[in-house]
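Look for chain A in each of the two complexes below; its partner is chain B in the first and chain C in the second.
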Partner chain A sequence: MNPWIAVGALGVVSVVIPLSMMLVSSLLRPSVPEDSKRTTYESGEVPTGGTRIRFNIQYYMVALLFVVFDIETVLIFPWTVIYRSALEDGVGLVTVLAPMLIFIGVLVVGLAWAWHNGAVQWSRDPQASETQ
Partner chain B sequence: MSSHASLFALGPALYLAATGLLVLVLDSVGRTTRLPFALGSAVFGVAAVGAAAVAAFTGGTLLGLGVGAHAFAAMNAFLVAFLVYLVDPSGSNRLLVASVAVAGAVFSLGNAAYYLAYFGTTSDAQAALLFGDQLVVDQMSLLFMAIAASVTALVALASYDYLEGHAYQAEYYALVLLAATGMSLMAAANSLATVFVAMELASLPSFALVAFLKKNRGSVEAGLKYFLIGALSSSFFAYGISLVYATTGSLQLEAVASALSGGTEFVGMLGIGMLMLVGGFAYKTASVPFHFWAPEAYEGAPAPISAFISSASKAAGFVIAFRVFTVAFTPAGLFASLGIDWVLVFQILAVVTMTLGNFAAATQENVKRMLAYSSIGHAGYVLIGLASLGGVASQGDTVLGASMMHLFVYGFMNTGAFLFIALVEYWGVGRTFEDYAGLGRKAPVACAAMTVFLFSLAGLPVGAGFLSKYVLFFGAVSAGFWWLAAVGAINSALSLYYYTRVVKAMWVEEPNGELELQGRPTGLYAAVVAAAVVTVLLLPGFFPIAETAIEAANAVLPNAGDTTTAFFG
Partner chain C sequence: MATQTLPEFISEITGLGSFGVAGEFVAAIVGAGIIGTIMLTYTGIAGPWAKRKITAAFTDRYAANRMGPFGLLTIPADALRLLSKELIIPERVDRPAFDLAPLVVAGSALFAFAVIPMGSLFGINMQIADPEAGLAYAFAVASIATLGLTMAGYASANKFSFMGSLRAIAQNIAYEIPLVLTGASVVIFAGSLQMSEIVAAQTISGGAEPLFSIAGLGIPPWFAFVNPFAFVLFTIANIAEVGRNPFDIPEAPTEIVAGYQTEYSSVYFVLIYLGEFLHIFLGGAIAATLFLGGPAGPVLPGFVWFTIKIWGFFLLTQWARSAVPRVRIDQLIEIGWKGMLVLSFANLLLTAVIVGVIA
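Let's turn to the complex of A and B:
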């Protein structure tokens, strides 16, 4: 049997299941039209303002810093796993440690610069931090 | 330097990277952090001196490092301490960061020149392979590292005056230096993965630099266009890499070549992948079909950045094209027999690029835009180097070497021409040919330098552009492609027309109104004059460059004979 049949069957099933669920539920459910069902949030919360809100730039700054340090952790994890066994196998301390120190040093330079430019400091001025 | 992998082989790139970080550190020093930071660095320096002394007296190593390494660390720590001490926390520190940037680029250039001299004088010198053959430092890498470093030095020097009154100057220099690091690494990249990463490292800071004048609509628009086309061609390039990897199972260039040495059954996939790689190179070198960002980006960007991108970035794009196609997709005849005739592709691209660039340049009214199109035309000339590889194999090194020579000379003459535009922008003179009327009487030195650049770009024997173009066309003829040389010569003749228009406006025509030049920008003048002096001096001093370039081409080409002596007698 051609192994691609299984892939095709998976595709068919993944289309059929959601379609059949929508179909069955539309056949079963009672239809009770009501005004409050048309609101954006059925919780009853009335949305205010337009949809095109500008978020404060500081959200993005923090998000960017987060991405940098997130990637840093991803690189540090495998390094910590091999660190001890590399030392036990006789690799020099500097050879194991220095590249990671340099890498973190580069990131620290970037963090120091961002800190100096106020990217880490949340604006205290309520006027400036309004999401307009 | 030997084939033994040592990080010091990457010195030219490391100097640029370290200087970029140092500039950011100096900019981040505040009122409260200055003294502790300076003292801390000094204490670290003293500790390193102590470590060096201990290592020296015990006659061995400490922490796995020798005396020299500890002394080097101490020297750097003292240097950082001194520079941090010089920082004025409330000022802009323009002079300090600009000097540090220029010094770093000059050190990088010196290091590249030192290694090149080593290669030139040591007969059995071998290329240094690093990180499992992912990076290679050979003569070609070093030559292009020297180009990147010298352009960076000129641009950093000129930017000191150009950026007067702008915010974020330290960031500007840091971005220039980090982009230059990427270009140096492109020169050393020996695997499609490192090629891609180095290319992105060079591109990302360039996008920000093009849009550096963020209150200027033209600059921001140029930055956005550059970014969008860059993202598009990067994705093409990454897809091309994946297709080549799928065909060969390898990213390292020599391994790709050996996987393809017996042919392949996936000719279509390989062909599409290689075509996509060509697209990526065309973007980076501003060649057809991905050339259309160049006039926009060069015109909108601050003029020193136009100089930087049109000279250093273009050279870096060419070095990876040279390396990928001569090392991985070699010999060209094998690929032609598979039906993937990449030499033919480059022949078409070379002819179209130089013709389009020169004809478009001839119709421009704006001098900066004219230079942008002429830069596309020069990309076409350089492409002759790859387009002539399918002919007489023993002549391949002459013509490929001539492309490198041309890029080296171009790094000075084109950078100088754009820096002259920066000078004119600094004075607030307009941008069209008419606005340049009568400049020669007001600023004779700068205009004389500009005349040298333009005539050298056109190929007249006032600068080394004459020799590099001559060797290039001569090489194409002797490799059996006389028609490529003929198209190049016709285009050169056309280019003389529009270059002469600028010269005529500067020296012959009368100024339209009152022409008042404000200020004497020392840094800009120094950079323009230095570029002109080098352009002229390379005319008598062309032989070492030519010899280095031909040896560099020889090292990457498999069947080339040594024609250095044959050509230069």
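Let's turn to the complex of A and C:
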């Protein structure tokens, strides 16, 4: 049997189970909508302003770094799979290892640069540091 | 050595295999239903009951003990209570993202169990599928949950939810890379991404050499024994990935109410909660497969050992919940990007060099 048929079957099951729970719940639960009940929760106060607030730039910086390193892990995986069998087939250690060392080396230089520029250093609120 | 998976077994004994792909799919649905039911049962025990009991044991209390033996009937009572709650949809939420998020969180966690080898029970191999890209699939599907948390936080139009989902994203992406890189260091040993091959490389019956022998008993070369450093790194990254203490700032109840799930009620809350617990078991299952020989173990059937290992990981997260204080967001980012990432690169390269020199 093609394994992906079975994977697809679990995909169907893992959508059907939550949907059936939603269905059962919709048969059981009451519905008594009220204006005050349906306001956004803000610790019991009347909500102020919008939600699309400004947030720390750092979240964006680490997300950018992630894109680089995530693609890199995808490229490392094929190398790890063939590494041992290539060595057993008599390919020299330097031939197998050196390209990956250079590849990771370039990335580590990139990380060092990002580190130096404070991309992985959580930037503080300037007002908070003034009061200290 | 290709062992028969659960859907293949069902399709053979029921004769569904003779109906071609459609018959195989029906057999696979039955198999997937069985695995899904088992995992939901574990989650049902863990969420409303075991979590309370374990926390109570740590804090010297009794917890649920009124309904049924050891309070076990709390489980159906809680299920009924939560499903029959009114579903409150705040007026400013973005639909349908708000409604889809619980589905994504719960569904993706269950979906990733497709490739996990759960060992044999009564001679049946409890694994849904064994594709060659098994490990890559498990990592890929497990990280879909981040998308669900992002949707939940952004669509709720609530400041607490928004902060919680930002933290969840920052945390998951920071610890995803150490997780995958330490996983890759195991692949160097095993030489395959196929889950059954990774398990076979750690078990003596699968053809691996014993690590060493004590009184004639061979100690299996579980990768946790071969490379304990990688196991520790993987466990830390795993706890962060499933968002448990000390890395539970996405939902930090004392700071941002409940994070991304603040506005969720009734069945939507159940699904997100369910997804989180499934995710803990999934993290335990991946760690067990990569480092603890999967379902391998003496005397008892493989499935029992698999259950013990994933519940062991659950117990670890609950112990950390009672014992370890939460990290701050700046500490979290620094531990992730400056500590874990560098250490996991070092681990990968050292593993490669050592394997290269020995082989």
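Throughout what follows, the second predicted complex is superposed on the first by the 76 of 132 C-alpha atoms of A that agree within 3 Å, B and C clash if a C-alpha of one lies under 4 Å from a C-alpha of the other, contacts with A are read in each partner's own complex, and residues count from 1 in each chain.
Keep this in mind: a contact is a pair of C-beta atoms (placed from the backbone, for glycine too) under 8 Å apart; a residue touches a chain by one contact, two chains touch by 3 or more.
Please read these numbers as outputs of a predicted model, since none were measured by experiment.
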item: First, second, both or neither for A:64, with chain B first and chain C second; value: neither
item: Touching partner for A:101 - first (chain B), second (chain C), both, neither; value: second
item: Touch count on chain A, higher of chain B and chain C; value: C
item: Contacts of A:75 with chain B and chain C, given as first, second, both or neither; value: neither
item: Which of chain B and chain C A:8 touches, first, second, both or neither; value: second
item: Which superposed partner A:109 touches (first chain B, second chain C, both, neither); value: first
item: Partner chain in contact with A:93 - chain B first, chain C second, else both or neither; value: both
item: Intersection of the chain A residues that touch chain B with those that touch chain C; value: 93, 115
item: Touch list for chain A against partner chain C, complex; value: 1-15, 17-19, 21-22, 24-26, 28-33, 37-43, 51, 53, 55-56, 58-59, 62-63, 65-66, 69-70, 73, 76-77, 80-85, 87-88, 93, 96-97, 100-101, 104, 108, 111, 115, 120-122, 124
item: Chain B-facing residues of chain A, complex; value: 92-95, 106, 109-110, 112-113, 115-116
item: Contact footprint of chain A on chain C as seen in their complex; value: 5-8, 11, 17, 21, 24-25, 28-29, 31-33, 35-36, 40, 80, 83-92, 102-103, 106-108, 110-111, 113-115, 128-131, 136-137, 156-160, 162-163, 166, 169-170, 173-174, 176-177, 180-181, 184-185, 187-189, 191-193, 257, 262-263, 266-267, 270-271, 329-330, 333-334, 337-338, 341-342, 345, 348-349, 352-353, 355-357, 359
item: Of chain B, residues touching chain A in the complex; value: 21, 24-25, 27-30, 63-65
